[in-house]
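Next, two complexes with chain A in common: one pairs it with chain B, the other with chain C.
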Partner chain A sequence: MLIWERLFDFLGIVGNLVVDPINILILFGAVLMGIIFGATPGLTATLGVALLTTITYGMNSSTAMIALLAIYVGGVYGGSYASILINIPGTAAAAATALDGYPIALRGEGGRAIGVTTTASAIGTIIGMLFVVTLSPIISNFALQFTSYEFFLLAFFGIIISGTLTTPDIVYKGWIAGFIGLFLATVGRDLLQFYPRFTFGLAELDSGIEVVPVLIGAFGIPQIIQVLRDRTTLPKMEKLQRILPEFRTIARYFVDIVRSALIGVGIGSIPGIGEDIAGWVSYGSAKNSSKHPESFGKGEYKAIVSTETANNACVGGAMIPLLNLGIPGSPPAAMLLGALMLHGIKPGPLISFDHPNFILEVAAILLLASLAMWINGILLARQVVKVLRIPSQIFMPIIGVLCIVGSYAIGMRIFNLYLMLPIGIIAYFLTEMKYPIAPLVMGVILGPMADENLRRGLLISKGSLMPIFSRPVSLILFIIIFLTVMTQLPIYKKVKVVVKERFFNS
Partner chain B sequence: MDNEKVKLRRSDLFTSIVLFLLGLWIVFESFKMPIKDSYAGVKNVWYVSPALFPLIIGFALMILSVFLFKVAVNAVGISYLKKGLTKLIKFKMEERDLKFIAILSLFAFYVYLFIPRVDFFVSTALFLMVFISIFYFEDLDLFKRLYRFFMTGSLVLLVFFLFKLNRLLDESIFIYMTDLLVIAFFILYCSYAFILTIKDNRLKLRYRTSIIVAIVVPLLISPIFKYFLKVILPTEGLVIEVMNIIRYSVFK
Partner chain C sequence: MKRLSIFLLTFLFIFMSFNLTMAKGEYPARDITAVVVWGAGGGTDTCNRIVTAEMAKIIGVNINVINKPGGVAGSVGMNYSYSRKHDGYTITGLSESNVTAAVMGGFNKKFDIWYPFIVGGSPGIISVTPNTEWTTLEELVEAAQANPEEIRAGAGGAGSIHHLNLLALMKGTGIKFNFIPYPGSAPSQTAAMTGEINVVVTSLAEQQQLLRGGKLRALATLTPDPVELEGVGVIPSGLKIYPALTDYLPISQAIGMAVPNDVPVEVKTILTNAFKQALETEKVKNWAAENYYLLSGKTGKEASAEFAKLESLFSWTLWELGAAKINPEELGIPKP
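And then the complex of A and B:
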């Protein structure tokens, strides 16, 4: 009975959303914009969501969510265009798609490859959406029992795991990036005693560093510098034929789609881990399960079906911790969290009480966005890829202006611009030295949650850390954090060798 | 270890020191915060002190930077610290570095000099024209010449603004005199770029594209943000005022 009620509620929300022509217009427009952002090397879904947040600031929360989720879904999918046609991933999420997508395009089957990735991406998004609907009530009910310590550890876990898994070099860099983000979050008056921390006497810093300019700076400026400094012309694009839905090919890879969607949802729901990792893990798993692993890298459809299903399923996965725990599952989800807060929506276990139908609304938008993405992909892909012909020397300065006007538009503070640029430059140097940006963003977003809950927890327990060890969830989280950190330290390897020699060699 | 990794470890050697100092500074500043004493009538205990979280961050950064330093020293040796410093002094600028400095200075002048003082349309058009043209012409010699021209003009304007001559002109001659001055700089830049590109058909076409984009983009962005999203632009001067007149006379 309850399932039917939820299903009717869901259909009612879908109906409400589609009857408004403005919503449909925004949905298709935002998906298209997302595809363009995704398809253009150097621009990402995160930057797309960040820039659109500034435009949707004045809209009502439903319309804003349509625009933001649509650009997110479109952005993750659009990356495959450049991967397939020019062998340069449009976004990191589509990096694994390039391995087999480009050889397929070289065979003269670029149109078919995009047809396959379009349908696979739409299915991936819908499966992700199903998980949002089914898992959310369970997780938020469970999270209702969380106290301050659990929330502190959860925020800390998000930063540590994000730092561990997204670092392109040694793990310390991922953690350092996370702590730099946490430090940025401490700037301003603290939430419990209103004491000004690291404000240098500047009144503008009293309310802290705003998240949106930080995200725009951290994701926009480094990309502009990198693209213009290192690469000015894109390789010649492979020919693109007519695009069809390719249902037969998709049906042939049904098992791979299900497996990849599960991988995507699973990875998406780990805090701070983006669609790129989902794509790579899914690629590896498809290769391992293949009867002809040697054909991977030479133009295997199974590979592109798997990567594209996984990275789009990751969108739904990333929404699960975001909506139910207030912890973003990926960098674009972190941006969505910032946008939700601007609209007065505080994600977390209480979201079902504060905004009873919000999760269903998000699921309905994801469903509509995947359909809009599929229609856009089938009908407009051949037009959209023309964007790849626009020289980056023209595109990037325009993005620069949008980053600047976007950072300013939130709150209309010139001070945001003064902050955005140095943060962008620091993010650029960090990226150059192989520090991941995702943990930094997670730190900025989760910093206040970690700080406030740690001190609140200690206040209740009068300075004792014992509740961490006496409460099952916090104990599990503590053990996971402890093991994640310990297994990355050199001492762990030494201990492992000693234990192996002493107990297993004799 | 490949060359890329060695380079990375060399820079890690220096950044780990910077990060350690950052951690140390955070800890130092945190100890200035109320830890046990009272603040705003509230008697503090260490566990609710506003210093608690920054202290954790500061110490964590210090520890992690020591780990990073150790990895870097194991890879390239401590002696590189001295060698690296000598290399830094003898730094020779390559094309990549020049491009980086150009992008940085363009952004810096746009954000810190023009946006707060000059009409949003004018400052954006100038920023776009310079940014697009120096990169889109794909000619290092032109890049250097145009960049030099922009920097000279911007530095003159910087002095002009530092001495608050803009206010003097705006108040004594014409309220939008500063905007007119920057428009004149924009026209001068365009004319200089025109002279440099006139003889080459490929460059002529790119010059035209740059100028069109530089004008059309702010012409679209300014009204969208101002009238559609109701964002008061950072500086509304001559051109925005003209837009206002058109907007309110056409759509009353």
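And then the complex of A and C:
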């Protein structure tokens, strides 16, 4: 009975939101803005939500929530455009999508790839939403299992897994790139004792190296140089593009979509970790569960479906601790928290008493936002692919300019440009030596988290690493990391052969 | 494509209409940026967003709030906004905790370079994880006396007001906690919920939801008066329980904003008037009442005097603790 009542309440709320034409206009507009923000290297979902927060102040709270959630959903989805079409992820969340999305586009199937990821993203968002409605209290308790050591291990895992998955030849190179990123992340004042590290007395380095200039420099510059150097044309577009959701393709990847959505919700609900890790973990599990993992990295649809479902499912996941505990699950969710407080809504354990229908309303908005995103995406895909018609000699310099604007725009700091260029040039040489770039960027994103939490964990345990093994969640994480590393080492293969001979061949 | 661009234009138009700027040439001729030196969703951030939104309506341009947390005592944001033009188009959202940036070596100027506006503050509350055995402040203090430096207590970063509150509590009662720093109040509260730390000091405004939801248990306020919280009851005053604490407490929060002191006088006047009017609006008043903030409304000299008092108290406390890097005497900060 209760479920039916809730369902009717839910439909009622959806209905109420839809009857107001302004809401619909803002819904579509904000999703579109989000997509543009996501697709432009340097403009992120977080920035979009931040900018919109100020503008929504004068609106009523439902309309404001529509605008903010819509730009969030759109921003997470939009990152895939740049990943697939030009191999420069629009946001860190879409970095894993570039691995297979770009090879697909090189085959001339860019439009189809976008069509498929659009549907996957929408389904991911909706599954995330279902969790918000049904399992909120249980999942928000899960969020409270994470203390300093768990955060450290999780951050470390994020770097290791992206290193493992992206290496074109030897796995060590991926890890080395990850550690270079970790090293870059130590620059600046340390977060516990405020000791300046590697700042060379420069005040600009006090706050550390910002992620966006690294993201843009490391992904953008090498790609621009390569395309211009080799005079390669960017992926061609086919005459006949099947953009409309191929329901058969989607049905084929149904299991992957569900698995990735679960991963996305789970990771989204962990405080402070967002869409970027979700994409990588989901990519990894898709590869592991695949019958032909060797096709990953060469343009596998399963991969892009998995990453895009997961990063959008993360949106719903991130809302769970935000609404139930007042703890934002991801960086854009932290901005949302500020926006909610402005509108007099205080998320926390009492939200279902103070604002009884609010969680349902958020779910309804997520549903509408994912539908609006899907419609927008399907309409846009055909148009967006046309950018590839522009000759690369003209197109890539434009991308270059966008990279510069994007690096500058995030903090309005000219210093970021001085960071972006050298990092881009270093990244170019690393790419030439077949070092993957994604783990480096993940290192910079997750480094401060790993660093701060490891040291805080040690403060708390007075220097002992034992809590890693005595707490269930951290033990599981440790075992996963250990296995991830061990299975890549040559010794593992030797042991495997020996074990096989001993036990199975005799 | 054409339909799309028409749609885009319509949308832009709607948003722009929120944004029609009035007079050109005179201040303010364009949007103002408020740089909050603490994280999004925290006390300083929320106060600034609420008040600047009302101020924006009064002076007729948008005030865009951005966050620049990090460094020592908000030094990153302060350095950033102080290095921008002193023309009134950059407001710095800050709080009492920023007065220590100078002695901590993050900002090389005394606080009197600012022209501050004080919105107000919320009383500090000491709370514990609900599954611990301590139900009163006395029990906690006794436990801490029995096991010095064993009980883990957290607050926002070293030198923040709640860290000072904790220090004052330790001094006044003669106990020692194992202090664990967090990047802000919100993460320290989360850590107290997970049991990573067992004692946490943050403001009532920041904690009230968690207290009412039973996720944390309040032991005492760190102000002279008890407070009543709906659904929780009366939280007693720690200063009444341990009168020796009155030597060190209360340390009152002063959340607000500032512009550099050498901003043109007419700009300061416009901002001061807008600020005072904003604090009188129903929206701000209701918001303060609902969120357990006490509004202050001090500006200019009055506000500077309050900050100078806090600066001297904070700086010298940290120096005596050995937590400060620069002698407050070198900076010309008088002893409290």
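Before moving on, here are some points about what is shown:
Rule of thumb we're sticking to: the second predicted complex is superposed on the first by the 275 of 506 C-alpha atoms of A that agree within 3 Å, B and C clash if a C-alpha of one lies under 4 Å from a C-alpha of the other, contacts with A are read in each partner's own complex, and residues count from 1 in each chain.
Everything that follows uses one rule, which is that a residue touches a chain if its C-beta (ideal position, glycine included) is under 8 Å from a C-beta of that chain, and two chains touch if they have at least 3 such contacts.
The model shown is predicted, which means the values in this text are computed figures rather than measured ones.
In the superposed model, A:Gly58 lies in contact with both chain B and chain C. In the superposed pair of complexes, A:Leu144 makes contact with chain C only, with no contact to chain B. By the document's definition of touching, neither partner reaches A:Asn288: not chain B, not chain C.
Of the two partner chains, chain B is the only one touched by A:Ile404; chain C is not. In the superposition on chain A, A:Ala50 contacts chain C only, with no contact to chain B.
Across the superposed pair, chain B and chain C both touch chain A at residues 55, 57-58, 192-194, 459, 462. The residues of chain C lying in touch with chain A in their complex are 1, 4, 7-8, 10-11, 14-15, 18-19, 39-41, 45-46, 49-50, 53, 56, 62-68, 70-72, 75-76, 79-80, 104-106, 152, 157-158, 178, 180-183, 186, 190-191, 193-197, 209-210, 212-215, 287, 290-291. Within the complex formed with chain B, the residues of chain A that make contact are 55, 57-58, 169-170, 172-173, 175-176, 179-180, 182-183, 186, 190, 192-195, 197-198, 221, 224-225, 228-230, 232, 391, 393-394, 396-398, 400-402, 404-405, 408-409, 412, 414, 417-418, 420-421, 424-425, 433-434, 450-451, 454-455, 458-459, 462-463.
Every residue of chain B that touches chain A in the complex is listed here, in rising order: 8, 11-12, 15, 19, 22, 26, 29, 33-34, 39-40, 42, 44-50, 52-54, 57-58, 60-61, 64-65, 67-68, 71, 96, 99-100, 103-104, 107-108, 110-112, 115-116, 124, 127-128, 131-132, 135-136, 138, 209-210, 213, 217-218, 221, 225, 229-232, 234.
Residues of chain A touching chain C in their complex: 25-26, 28-29, 32-33, 50-51, 53-55, 57-58, 144-148, 188-189, 191-194, 203, 206-208, 271, 325-328, 334-335, 337-338, 341-342, 344, 346-350, 379-380, 383, 411, 413, 452, 456, 459-460, 462.
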